[in-house]
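Quick heads-up: structures coming right below.
Shared chain: chain A. Partners: chain B in the first complex, chain C in the second.
So, the complex of A and B:
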C-alpha cells in the first residue's frame, strides 16, 4: 500500500476542498461533550482525535429511517422503488467502524442484493483515521479491529506534526492528487505510525480473554448457562445497545399514507432483537418473549450467528453498547469473558 | 470492496396483482384468488410464501394455498387477525394488491416422489398443505399412498369443506378428520389430531410425514411419528415466525443462526431438533 504525508497545516485546506468541490462531507464533530458524525460546513468542526461517536457512521449507508417504495392509492395503485444515493465522503472513520461497514457490505450483498444500501455504499468514499484515543469500554485489539488494512479509500494516522495517509483505492488516490498537498512518507515516519498504533493499543482498558475464532465454540457450550437469566434481569428492553451498534442491521418495515389518502410510502427503520416485540407474531405468540432469550440472542448474533453466516465478526468491540446501557449489562466483552470463566 | 455490483432492481418492489375471486371458508378465513397484472405466472412450489402488500397498510407473509399445477392465477387463504389481513378481508373483487415472492424453500416435492405421504394438518396449517395435496393429486401416479389427517377445533372451523368432501370420496386418498370439540350434528372423530394416529397403518420404510399446524401441535405429532417408526429426516414441518422482508435481511424471522424466510419455512425434524427455541 502506498503511503503519503499530509502536514497538519495542509489538512484544513484538503478538507475544505472536499467540502467545496467534491461532495457532502460527513465527519465527527463535538456534540454535548461527546462526538457525533454530522455534515461538515467547515473544516474547523472536524475532530479527528475523538474517542468514539454516539452513533456509528453506518447511519449514512443504512439510515435510521429510509423510504423503500412510494405508491399512489386508488382503484389502480401505482408503485415505484425509491433509491436515494448521493456522493458522500465519510471523513474520519475509525477502523472498527470500517470493519463494521465491511460486514454490512457482505450482509446487504449476499443472496438478495439490497439496492438501497449498495447504491449508497457505491457512492461513499471512506477516509479513515486511526483511533489513538480509545473509549474506556472499547476492546478492539482483542477482535483485531483496532486497525484496518482494507475497507477504506484513505486512512490517516496522526503522527504529531503530520498525518500518514495510506492509500486504499484509486478513488482515494485521485482525491489526494486533486485536493491535497502531499509528499512521500519516509521510513522514519512509517515507523512513527507503527509506534503511535502500538502506544494506542496500551490505552485500551477492556480485554477479551478469548480469541474471536473460539467464540462460536464457546457459545455452543453456553446456551444453558445461568448467566443469561442472571444478567438480563436488569435489562430495560430499551434497545439503546442495538441503536448505537455499528454491526446491527435488522429493521422493521411500515407503511405511511398522506392525510388525503392519495399516496404513501413504505419505509424501513432500525429495529433490533432486544426490543420486546421483535419476534412477536399474530395471536399473541412471542418467540423471544423474555429478557433472557433476547439477551442471549443478541450475544449469539455478535459472537456466533453472524460469523457463521457472513464470515465476519458480529461485534467490532467499539464499546458503544456498554456506554449506552443504563443497566450496565450490554458489553459483549463482559459476557464472553464470563462464559469463558464458566467453561473452565 | 463491495463483493457484488449494485443490483438493477429493488427487492422491496412488489408486483401488482388483481384480486379475481373471494371465497369465505370459515368465520375469519377466506380464500383470495389473484392474477399478476403483468400476465406472468407466479411460479411457486408448494410450501413457499409471498409477501402480500395492501398499500398504505403494510405487508404480511402468506403461504401459497393453490398448487403450481393450477395455471394463470394463484390462491392465498387468509385468517383475519390484524392490520394487513383485515384490510385484505375488506377488499372487493378487482382490487389491486402487491406481491413479492415466492419466497422460502417450499416442501421437498422431489424427495416425496414415489413415497407414501402422511399429511398432518392442524387448523389453518391446511392452508399451505392444500397446495401440496392438490399438487400430489394432479400428479397422482408419481406418489405413493396419500394419507391426510386433518384436525379442526370445532366443526364450524373446518376449512375447505368442499374440498375435504371431494378428497373423502377419492379412492386414492385416505382422509381422516377430527375436531377437538364436536356438536350435535358432528358424527365424526372427536379429539386432537394425534388421536387419529391409531387408525393409520403405515410402512415406516417408505413414508414421509408433512406436518403444519399451531406451534403446540408439533411436539405431540413428532412423538406419534416416532412411535410409528418414522425417522427425523422424514418428518417435515413448516415453521411460522414474524417476518418483515422475506429475503434474509431484516432479522425478524431468525431462529438461532437460521433465517426462516431463507432456509425455511420448511424444515425436517432432524434440522429443527438441533435448533433451540424452534418448537
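So, the complex of A and C:
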C-alpha cells in the first residue's frame, strides 16, 4: 500500500477543497461534550481526535428512515422504486466503523442485493482516521478492529506534526492528487505511525478474554446460563444499544397511504431485536416475548449468528452500546468474558 | 358517506383541541372525508349520530361520568385525546391530597358548591379503543390515527420507549449531562421533542405496555434522585398509575 504525508497545516486546505468541490463531506463534530457525524460546513468543525461518535456513520448509507417505493393506487396501480444516492465523503471514520461497513457490504449484497444501500455505498468515499483516543468501553484490539487494512479509500494517522495517509483505492489517490498537498512518507514516519498505533492499543480499558473465533462455540454451550436472566432483569427494552450499533442492520417496512387513498409510499426504518414488538408476529405471538430471550438473542447475533452467516464479526468492539445503556448491561465484552468464566 | 367525528372535552386545558384546529391545510383535506360535529358537551337527546368520538380531558367530577357513558353508547369508536384523557394527566396531582382540601385550595369559601373526585383517565370509566398520547397531542399523530381509523386499519403507535427516538435524533442523553429523564419507560411517538430541545422527558405520553419501572427507579437513584424525587417525577403525568404509588 502506498503512503503519503500531509503536513498538519495542509489538512485544512484539503478538507476545504473537498467541501467546495466534490461532494457532501460528513465528519465528526463536537456535540454537547460528545461527538457526532454531521455535514461539514467548514474545516474548523472537524474533530479528528474524537473517541467515538453517538451514532455510527452507517446512517449515511442506511438511513434511519428511508422511502423504498412510491405508489399510486387505482385501476392500474403504478409503482416507482425510490433510490436516492449522491456523492458523499465520509471523513474521519475509525477502523472499527470501517469494519462494520464491510460487514454491511456483505449483508446487504448477499441473497437479495439491497439496491438502496448499495447505490449509496457505491457513491461514498471513505476517508478513515486511526483511533488514538479510544472510548473507555471499547475493546477493538481483542477483535482485530483497532486498525484496518481494507475498506477505505484513504486512511489517516496522526503522527504529531503531520498525518500519514495510506492510499486504499484509486479513487482515494485521485482525491489526494487533485486536492491535497502531499509528499512521500519516509521510513521514519512509517515507523512513527506504527508506534502511535502501538501506544493507542495500550489505552483501551476493556479486553475480551477469549479469541473471537471461539465465540460461537462458547455461546453454543451457554444457552442455559443463568447469566441471561440475571443480567437482563434490568433491561429497559429501550433499544439504545441497537440504535447506536454500527453493525445492526434490522429494519421494519411500513406503508403510508394518503387520506384520499390515491397514493402512498413504502418506507423502512431501523428496528431491532431489543424492542418488545420486534419478534411479534401476526396473530399476537412473540418469539422473544421476554427480556431474557431478547438479551440473549442480541449476544448470539453479535458473537455467533452473524459470524456463521457472513464470515465476519457481528461486533466490532466500538463500545457505543455499553456507553448508551443506562442499565449498564449491554457490553458484549462483559457478557462474553462472564460466559468464558462460567465455562471453565 | 362521510364519517362523522365529534370532539368532547372534560377536565383539561383544551390544549389538545387547539392542537387539532391548528393545522389548517391538513384539516381542510380531512374535511373532505369527514364531518366534524364539534360539541363541547355531550347532548342528552338521542339525535347525536357521530361514529368516532375524540375525548379530551380527565374525569374529575361525578357529573362527568354519565356524560362519558353516553358518549360511549353512541360512538362506535372512542379515542382518548391527550395525556389528561389517556392517563389522567397532570390533574391527578390532586389525588395525593384529600379532595376536601383541594376544593378549599381552588375555590375557598365557595367549595361547598362544587364536587370533585380523584382525577382519572377516561378508560377507568368506559372502554377506550385508541389513544392519541401527549400533552399536548402531536397533530401528526392525531392525523395518523384518524387516517388509520377512516381506512379501517389499526394505527401504528410505538410500544417502545422515547430513548429509541431520542437516540435516532442524535441527542446526548440527559443522564450524560448530569440530569435525569423518564424516557426509558415512556412511550415514544413524539420524536423525543423535549430532549431535542434541551430539556428532559416528563413522561407525558404515558408508559410503554410493559415498563421496567424498577430498573428506571434504580437508575434515577444512581443519578442522585431520592425516592421522593422519583415519585414526584412519575406523578407529573402518571399519578393515576400504579408505577407512581
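Everything that follows uses one rule, which is that the second predicted complex is superposed on the first by the 340 of 344 C-alpha atoms of A that agree within 3 Å, B and C clash if a C-alpha of one lies under 4 Å from a C-alpha of the other, contacts with A are read in each partner's own complex, and residues count from 1 in each chain.
Everything that follows uses one rule, which is that a contact is a pair of C-beta atoms (placed from the backbone, for glycine too) under 8 Å apart; a residue touches a chain by one contact, two chains touch by 3 or more.
Predicted, not measured: the structure shown is a model, and the values here were computed from it.
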First (chain B), second (chain C), both or neither touched by A:225: neither
Which superposed partner A:251 touches (first chain B, second chain C, both, neither): first
Touching partner for A:261 - first (chain B), second (chain C), both, neither: both
Touching partner for A:10 - first (chain B), second (chain C), both, neither: neither
Partner chain(s) touched by A:114 [first = chain B, second = chain C, both, neither]: first
Partner chain(s) touched by A:192 [first = chain B, second = chain C, both, neither]: neither
Touching partner for A:237 - first (chain B), second (chain C), both, neither: second
Chain A: partner with more touched residues, chain B or chain C: B
Touching both chain B and chain C, residues of chain A: 254, 257, 261
Residues on chain A engaged by chain C in the complex (per definition of touch): 31-34, 36, 54-55, 64, 233-240, 243-244, 254, 257, 259-261, 270, 275-277, 291, 324, 326-327
Partner chain B, residues of chain A touching it in the complex: 68-69, 71, 73, 75-77, 79-81, 83, 102, 105-116, 118-119, 121-122, 150-151, 169, 223, 249-255, 257, 261, 264, 266, 268, 271-273, 278-283, 285, 287-288, 293, 297, 300, 304-305, 308-309
In the complex with chain A, residue positions of chain C that touch it: 29-30, 32-33, 147, 150-151, 156, 159-161, 163-164, 167-168, 170-173, 175-177, 183-185, 208-210, 212, 215-216, 218-219
List of chain B residues in touch with chain A within their complex: 1-4, 6-14, 16, 53, 55-59, 81-82, 85, 96, 98, 215, 240-242, 244-245, 247-252, 254-257, 262, 276-277
